[in-house]
Structures are given as structure tokens and as C-alpha cells.
Amino acid sequence: MVKVGIIGATGYAGGELVRILLRHRDVEIKWYGSRSYIDKKYAEVYQNMFELVEDKCLDDNIEKLADAVDVIFTATPQGYLAGILTEEILNKVKIIDLSADYRIKDVSVYEKWYKLEHKSPQFIEEAVYGLCEVNRDQVKKARLVANPGCYTTCSILTAYPLVKEGLIDPNTLIIDAKSGTSGAGRGAKVPNLYCEVNENMKAYGVTTHRHTPEIEEQLGYAAGKNITVTFTPHLAPMNRGILATEYASLVPKADGTMPTAEDLRAAYEKYYKKEKFVRVLPDGVCPETKWVEGSNYVDVNFKVDERTGRVVMMGALDNLVKGAAGQAVQNMNLLFGFDEAEGIDLVPMFP
Amino acid sequence: MVKVGIIGATGYAGGELVRILLRHRDVEIKWYGSRSYIDKKYAEVYQNMFELVEDKCLDDNIEKLADAVDVIFTATPQGYLAGILTEEILNKVKIIDLSADYRIKDVSVYEKWYKLEHKSPQFIEEAVYGLCEVNRDQVKKARLVANPGCYTTCSILTAYPLVKEGLIDPNTLIIDAKSGTSGAGRGAKVPNLYCEVNENMKAYGVTTHRHTPEIEEQLGYAAGKNITVTFTPHLAPMNRGILATEYASLVPKADGTMPTAEDLRAAYEKYYKKEKFVRVLPDGVCPETKWVEGSNYVDVNFKVDERTGRVVMMGALDNLVKGAAGQAVQNMNLLFGFDEAEGIDLVPMFP
Amino acid sequence: MVKVGIIGATGYAGGELVRILLRHRDVEIKWYGSRSYIDKKYAEVYQNMFELVEDKCLDDNIEKLADAVDVIFTATPQGYLAGILTEEILNKVKIIDLSADYRIKDVSVYEKWYKLEHKSPQFIEEAVYGLCEVNRDQVKKARLVANPGCYTTCSILTAYPLVKEGLIDPNTLIIDAKSGTSGAGRGAKVPNLYCEVNENMKAYGVTTHRHTPEIEEQLGYAAGKNITVTFTPHLAPMNRGILATEYASLVPKADGTMPTAEDLRAAYEKYYKKEKFVRVLPDGVCPETKWVEGSNYVDVNFKVDERTGRVVMMGALDNLVKGAAGQAVQNMNLLFGFDEAEGIDLVPMFP
Amino acid sequence: MVKVGIIGATGYAGGELVRILLRHRDVEIKWYGSRSYIDKKYAEVYQNMFELVEDKCLDDNIEKLADAVDVIFTATPQGYLAGILTEEILNKVKIIDLSADYRIKDVSVYEKWYKLEHKSPQFIEEAVYGLCEVNRDQVKKARLVANPGCYTTCSILTAYPLVKEGLIDPNTLIIDAKSGTSGAGRGAKVPNLYCEVNENMKAYGVTTHRHTPEIEEQLGYAAGKNITVTFTPHLAPMNRGILATEYASLVPKADGTMPTAEDLRAAYEKYYKKEKFVRVLPDGVCPETKWVEGSNYVDVNFKVDERTGRVVMMGALDNLVKGAAGQAVQNMNLLFGFDEAEGIDLVPMFP
């Protein structure tokens, strides 16, 4: 049994890691780290875990933890892991970081968007961006996995085949994303109160959201050049789920004609046909967040708009699963040579 | 007292007309038309009206109704009014049509998008598109007002000043709109069941939604040319509210520089400063649907994205008020010379 | 114009007072008191008030306020008003207190349930319990009105006629109440976060909720004796609304037979037939919170259960209107001799 | 592998059976029966099953099905199974019936409450009421299992230990239950539309709900006598979950004193300590539906109200899992000698 430690086990992503790992056949959780709830029973923080988890929350001593477990998940605030990570720790234990600390290769971009000084830029280069469907082979060999953000996983996978195949102009890409409220975390803030979110829709972080450079970097690799995109997140009155609606101009083919729906579908099939967790929906069927809830699936589809020469791409995932804990476990499965779907082969729950 | 008849009084828009008109000081409702509930007490269909409305639902005999009232609101399916409207009726009574029958000037565009034959195209020309803030003067003199759609009211008013002033390229306009479920009507359909909508987000009608040509026509007038836009509606798990997030490329000024946020704000102020029902929010504040719920307000704002040369515009309204019944009453107020805000001077309800 | 001051204007009940008073024809709000937001524009705290309220929040100096206005609403934490109220203030200004400080006549009961020392018990005797339908005449002459709690208004009015007429045994009364989350206030607490409340139902304060003694006292007056009841509040995933389902054993009539549905209906009609804001629904129709949302109505009904000899009573109201701000304004209307319905003659909003 | 057929696979309970059985290691689903969707791909009816279920829906030919599978789940309308069941079928295949047809031993009670003639009363006697925690041994030997209702499972398990041990007077039992909307099924009806249910609470079926006699029969067995109870179901704005709040008078002990909280807790522990799926929560912790969502758990607890001599009992479950499909699989596990928790050892999903 692989031994697992979680730092930040009492946030929503941490809670989801616990939910998934409890039913993973090859691991056992040895450490429920939580600065806020030290010595409190984990099942008192998340009562759904009553009689399922008997452990108490521990502090977040990463050095002690590195001796005790084989892999650490850090579901911690930005800058936390960067501030404590050392070569010694990395020599002892695999780390899957759910924060943004090692996602962006250009440290100045990180520091500009996150308004933080990066305390351990020496590890950025070796960190593997854990978008499994794109970087599977590198993940297998990594010591440090930068688990992608929720919006970014959805945004990238929705557009990836068309960018990669040069079917759309990536600089025309506009991403309008709608997220459930668990993405805002479990902190006690007025804007996240039930009565403020319920029966309400709003955009936030317009033109400034931190997931923007992450999307640009990754889709830039696919495009083979630097790109800029417009990304607008929205808060939706639901617990879970991200829906990304993405717009881009089609690039004429060599013969001057526009790519057809068949061309685009072929691109999606090329990259996702063998991917268990990316489902390219049938023609005419739009992704819905409810159809993937509780599961590790991303549902994607697209519609060509011949009148405007654009394509509308759509992707849906559960922000806590494929957008956070599920993908983190998928990365762990790759790191340890487990079946990639072990523990995350969850059937979406409907309704 | 002006006498009012409603055809289609038992749909959600019809119910909202009743809610508003009951507190309008210059009118009385004489006719609750409803094909589905003839002879049933209106307050049994909408129990919130218990002890407030004693009338029974009547059939939708428009000729009889034209003799009985001064103004008729038709909150009816597409094609209904076009199928029964006559010159004789229009000579007797003002009509405010909440359907799309007379919104689009080019009958072939109507017939293509609505997949219906238009039965009375002879009235299209004289019908006034009842977007009060834009066509106030024409509305005052109309016999027949085509009350705008919910998505269109929101989409147009959000972008109008920038299109009108030539600050954005209207052919780059992408409108990503999110609507509450009352917009889908009160028909008993599986996709509108609580368990199908709750905890769910989805796009629908992608590239084919009927409000698209209406937006293109009206913003085309503002632009002074024919335009095409991309419009994507989404269903959100809330009762009321539309949020439109709109994207367009800025047009460089004569001196080659890009318009600034100040330039854009000046355009919004130019058109909306005196408008009671359009609120241009302070810099940095995003519209939220909850802040306008139950009221006739449209809240708008924008953010310049210098990195991409685009502007992100946002608008929020209550789809049943400014998006339907409230604007219909605003049009009625204009038609009869009442205070434009009478009956619709409602304070948004929060939470 | 009567001048109004609000202390605690930025809680949800305070916000609802503002919503209602802005459309009241006989008053103007002169003071938006809020300890937490001093000097902040009120419309920044509640953006729905943008362009409707230009004032800034002021501190809660009640002595200064007493000189400036004719009536003060205190929507403040328990113990606040009791700690600052003086004879001098009461000589200058009417006070309508939305807290519990003066609701309970027996100060020891207050102190036991609220775990607070009462700082000004000398005013308890003269304070009038502002349940308008029961104490209308006393309210008119009061200086100090103790505005009833949200659960209590609903619970008492639902059972009052049957208790008053001796048709049920009040000591068998069990009240199972379900409340929307605005009742929990606008404080930033984890249990009130969207993701904790949404898709969830729970009881809380079981056997210990502070509204229990208030219900017992008031229904005890109706019964003509001391009574004890079981009261269980529940948190429901909705913004507004309280539904009280109440159970009691029927008391046999003098001839030994059980009271019939007709007997019970006659009792409801006796007390409520002339009451504008209490609607006794038709036989077989259950109250629903949505039918009274945004309005000052209480909808009540009942069903006799012949198998068990019990009656099931049901009542629904909007906790922020009839359960707080609306009833407070109703009391103000009584105090100042306005039409009792002025400003609160609101049509319920559906959906 | 045990072969499974489902009749009524496209209702919400049928969908949940599929979700659970797809991950059950000892069975395979051979028949997705659905009268409404014959020949349609199952994954088109429930898009969450895309790429998970390739089968089409079949008709509901139970005789053909009895030859093809080892066990049939019937998630069908009342009266359906009773109308087609034969000795021949029962000789070939085990049947787990999620309808009420064989739950009630007294056929006249069934016919009175369900207003249906029972077409095969000869099987009622042998049918085992599949409340696993109470009737585990009988289930193991059954041919025909009557799977309990959602409200009844929750209501009975919440009160069972106290009734069984004689600590409460069962004739004083009042059950106030709140259910998510999936309990109302997937039929297209106006009262189940999103806009009708959202932001709303209501009671329904007051004094007449069909689960009443089922509760009375089962708790009557525990009490050792016939009993009557008051049961009131409510519709809550959430997808899943039932919360039952139950009230009863305590029965004095032999020495004349009232049972204490310790006495009551001992009774709960006696019956549930070894039960995996019934969790008796720690003192002071109230069950919440969200804590059991997606799982087969029932969380129960209680609070003594010394002032009134009553106890308030509370129970929470997921109506589609322990209240329907999960318990049906638990019964199947018992029937076939599988691990009782196989396939239903699901961790509750939060949030």
C-alpha cells in the first residue's frame, strides 16, 4: 500500500481527495494535515466522514510527513509549497501540488499574476504540468507534479485539439467559464454566503484572473507560439461543475476553404478517442455540468458557426474531481504505475 | 383608468404582467386570457394572487377583447398574433406584443429563424420595436409595439453605446448569455424539471437561437450597417435573471491609439446618464443578476482588456421584468402618456 | 413626511426595511446606521440600491438619532437596545425593535433563553408585542414596539384561532418550522456558506431555540394559561420563507364529539376574515413559501386527521417581510395612523 | 456474474440502480427496460452514462426477462408488478420490487390507500419487507423482496429502537419529513418544474400520504401492537435527500422516572452499533441530508426535551440510495450471499 499524506485536507479539494482515496485500492491515507483544525477529528470537520475516518487533523510539518509517506498532496494556498520545498524533501517523497506554485514556467509571469515572490524557483523547471492527457509520459517520471487548475483543465482540454491542429487562430480565443461555488473554497466570506450566491450570476476577475497565463502557456505549447486569450470566469449558483464556452475564428485550410465540422471532429477524435476521461459528445449534444458531477470526466463538444466563421467549443467537468482531486489522483496513478483509472472510475451522479 | 387585456396571462411573463399591473395606478386588468385554463380562477393558477385577483381566466377572443379594453398585451407563442391581427383590431386598441412576431423587419429572416410562415406581414413595417431607451419617441406614437426579447434587451443595451459610437467592431461581437429558467416558460417538459436544471449549467441553441437576428438587426441600426454576431444562450439554475457577457475588439481611434476606459465610459454615460432604468455601475463593479431581481433595471459595465485589444461588456436584468413584462408596461406608459416609471419603479429584492 | 432612522441597516432585515421604506409614501429614511460599514456608501454594501440610495452608513448613536427622526427601527443583535435605551430617548422618538429585547415579559425567561443579562428591564412592561393582528389597538398607543420574531409570527398566527377558541390542547402543540437562510443573517460563517447550505436540510437548536418561550408566552395568552410547546427550526436551501407545520390534538366538544373541519375553519374565519395580511387558503390547498415571497402575507390552512384525532396546521410567510421588516412597517403604520397597508401592499413575486 | 434486469430503468430510481450496479463487482446489467424509451440508447436518456452504457432500452417483457437474468429490479408504477407477476416467473428469478405492491400485508389497507385493486394478493404473504437492518435473515431466503419506500426507510429506522424498546408511546408519534425533488420522479409535470420547486417549501399529501400505513405496519411490529401515526411529507428545493424529524412522548420507566438521554442512546446502540449503514451521530450533532448524499448511509440522532416529556428524533438519508436503489442492491447482496456492502460502500459526496 502506498502511503499518502495530505496537506490542506480540510478545504473542499482536500475533502474530495479523501473521498476518492478512501476507495482507492492501492493507497492508505496516513496524514490529514490542516493548520486550522489541528487535533480535531477529521470527521468533525466533514461529518460525511463519520465512521469512515477516525484520524485527527495534524499540523502541516512537511519534513516529518516526507519521512512518513510515499506521496504528498498539497491542497494549500498559493506560495505555501514554494516556501517550504527542498531538495531533501523531493528526494524522499513524490509531491502532487494542487496549488499554482509550479504550474507556470516563467517565474516573472507567476509573480506578476499572483503578486507573490516565488521562494523556490529552482524547482519550476523540473515540475511537470500534470494535465494527464497531454503530458502523460512526463508525469510518470516526475518527482513534482503541478496539478492544473480547475478552469484551466476545462479550458485547455476543450480547445486543445483545434489549437494543436491549427484549425483555429489561438489569438482569437475567448473563454467564458462558469463555475460552481466550491471553487471559491471553504473560507467564511460574505460573497460566498448562501444568500449572496443563490439566485445569482456574476462575472469576476474580468481580464485579471490568475488562470489566464496558465491557459496561455499550455495552449501556447500546442500552438507552437506565444498567444494571448481572453478568459472570463463566472460564479454560478451550484456546488460543483465548470462549464467553459469557448469562441475562436476558424483558420482557412490550404485550399482556402473553411474547416468543416467533420474536420474539427476528426481533430477531437485524434486526441481523445483513446482517452477514458475525455468524452467527445455526439454531434448536436451540448456538455452539461450535471452529467459529469462526481466523476473524473470532461465532456466536450463544438458547433461551427458558418455565418461568422467561428467555432463554439464547450467543455464541462466537476471542478473538484477532474478540476482538482480526481486529476491529482490520476497523476498519482501515473506516478506509481497503478491503473490510471483506479479510484477515479466514478460514475457521474444524476440527478 | 385605462383598461387592459392580457392574452396569455398564465405563462410566467403573463403572471409578471399581472403582478406589475395590479399596483399600476392608472390601469385595471379586465381580461385574463388563457387558452389552457378557461373558466378556472386565475388565483388557482397562480396562488400568490389569492385574494388579489378574483377573476376567472377567459378565452383569447381578440376581437371581443378589442372592444372591451384600451390596450392588449399578447404574451403568446410565436405566430399567434400574426395569425389573428387585423386592421380593424388595430383601429380599436393598442397592442403590445411580447412575442417575436413583429420584431424583425425582414420577413424572410423571421421565417427562416422561426421556421414559421408570417401571416400578416403587412403590419411589420408600422410595428415599433419597443426598446424604450432607443426608440422612445416612436413608441409614443405606435399602434403596435413589438416588445423586445429578454436576451435581446440585455444583449443590445449592454453593447449599444460602444457600437453606436463606433468604439468596437460589431462584427467581432460575441455574446455569452446566461438565463434563469423562467425564460423557458411554464410548459411541462422534462428538461425544465427541477432535478434536470438544478446544479447544472449548459449552453443550448448554439449558433441557432432565434434572438440572434433580432440582436443583429438592432445593433446593425446602431452600427449603420449589416452585422453578424455570435450569440450563445445558457440555462442557469436560478428562477430569474439574465447575465450577458459580451466580447468585442476595440476600434483604434483616428490617431491610431486604442480607446481608453474613459472613452468607453463617456459613451455609456452619453446614452444612459439620463436613463432611469439603465444603471452604469462604478468602475470595477460587475453586474450581478441578483441586484436587479424583481426590478426593471438593467445594470451594465465593462472592462478593457489591453493585452488583447478587446473590451468585455456585461449586462444584467430580470428576464421577466425589463426582459418582458416590465418593459411591456414601460411601453404602455409611453403609449398612454403616463409617467414612464409608473408601476415599474420597483426596488430590486435582495436576497 | 415622517423621518425614519434605522440602526442595523446593513443586515438582511435592515436591507429589507430600506427596500420597503423607499416606496412608502409617508416617510423618508434619514439615517442608515451600521457599525460595520461607517462612512461607506449604503449602495456599496447593497448594490441593488445603486442610484436609489445616495447616503453613507452612519454610526449607531441613538441619542443623536433620537433628535433627528420620528421613529427608529433597531435591527440589532440581542441585548443591544436593552443596553442603551433610556426614558429620555423614548420621550423623543418611537422605537420599533426587531430584536428580542422587549418581547418577553418575564425577564428571567429572557435571561435564561438568551443567556444575557437584561440591562433595562424597566421598559419591558410598557413594550407592546407588535403582532399586529392580535395587538393592533395596543400598538397604536405604544412608545416601544417589540417586533415579533420570524418563526414566532408564523408559528403563532398559524395556531392562534384554534388555541384561542379552545379547539386544540396547546400543550400537545408541536411546531416543525423550515426557514430560508436569510434568517441566519449576513455574518460570514462557514455553516452559512453556499456550499454548506445548498442541497441540504437540517434541524438546529433542537429543544433550545430562543423563539420557543416567545411562542409559549403569546399562545399562552390565547389559551389563558401557561403552556409548553415543542418547537424545532430547520434550515432550508432557499433565500427566503418560513413554513411552519404544526400538530396538536383536538379537544372534544361539549357533546363529546370531535371538532370538525368546519368548526376549525369557522375559527380561522372569525379571526382572519377581515385581516388583509392573513390569507386562509381554500380547503385542500397547502401554503407554500413561494406564494408569499416578497410580500407581507401569511398564508395559513389546516387538515384534520381523523385517524389520530389531531389537526395539522400550516403557515407560510416571508421571513424578511411579515417575519421582520414588513411587520415592522405595519407597526409603524399603526403607530402613526397611516393606512395599515401603506408600503407593504406588495404582490408576492412568482417565480 | 449474476445477471440483472431492470424494469423501469429510466426513472430516477432506475438510473440510480444503473449508477450503482455498473460498479458492483459481481453483477452485470443485461436488460434496461423502459416502456417510454424503447430502442433508444440508454445513454441518450441519461447522458451521464455516455461511453459507460452502450445498450438500448428494451420493452418490459417480464417473462422473456425472467429467462434471461437471475434477478429483476422493478422500479415501476404502483400496480404494475402485481398485475403481471406469476408463480412461474418467481420460480425462475428473484424479484426486488421498488414499488409498493408487496409491502403491505393487509391487502385491504393497500387497496384503500393506493386506490388500486391488487391483482396478485397471493404473493403478499411470502414477500419479505426488505428493510435490511430489521429483516436481514428473512431477506436472504426470499424469492420476492418488497423494497421499502424512501420516506418509510428513513421514518422507521429513525424511531425503531425507541419503539422496539418501549421507550416512546408509538401512538404519539408525529413524523415531519422533508424530501428532495427526485422523489417526485422524472415525469413532466408543472409542479415539478424548476421554477415551481426552487425557493419553495410546501407540505403535500397531508394526512393521506401512502407511506403512512407502511410506517404504521412496520413500527407496529416493533411495538407489538397496531399503531397510528401522523406523517407529513414536504417537498424541499434540493435534488436528493430526506430528513425526517420525529416527535413522540417518552414512556416513564418502571420506577416512574423518565428515560434519560443515556437510556435512549443505549437503545440506538443496541440495534445499530453493528450496522454499517446506520450511523448514530455523536450527542448534539444533528443529521444533515448533505452528509449522506450519494451514499447508502442513514444518519440518526435524537434530543430529549425534558420540558415537554418528548423526544425529538432525526434521520437523514439519500432517497435514491438507501431510500431506493442502494437498499435494493443491499437486498440483492443478501439474496445472493455477496458482501452486504458490495457496490454500495459509497463515500458521501460533500459538497
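For reference, chains read A, B, C and D in written order, and residue numbers begin at 1 within each chain.
Everything below uses one rule, namely that contacts are C-beta pairs under 8 Å (C-beta built on N, C-alpha and C of every residue); 3 or more make two chains touch, one makes a residue touch a chain.
Since the model is a prediction, treat every value here as computed from it, not as a measurement.
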Lowest number of touching-chain links that must be crossed from chain A to chain C: 1
Reference chain B; chain at largest CA-centroid distance: D
Pair of chains joined by more contacts [C-beta pairs], B-C or B-D: B-C
Centroid spacing, where centroids are CA-atom means, of chain B and chain C in whole angstrom: 37
CA centroid of chain B to CA centroid of chain D, Å: 46
Multi-chain contact residues (two or more partners), chain A: 12, 182, 195-196, 198-199, 237-240, 288, 290, 293, 351
Chain B partner contacts - residues on chain D that touch it in the complex: 12, 181-182, 186, 188-190, 192-199, 237-239
Footprint of chain A on chain B - complex, ascending: 171, 174, 176, 178, 180, 195-196, 198-204, 206-207, 228-230, 232, 234, 236-241, 243, 245, 247, 286-290, 293, 303-305, 307-308, 310, 312, 314, 316, 351
Chain D-facing residues of chain A, complex: 12, 15, 19, 22-23, 46-52, 182, 199, 239-240, 279, 281, 285, 288, 290-295, 299, 345, 347-351
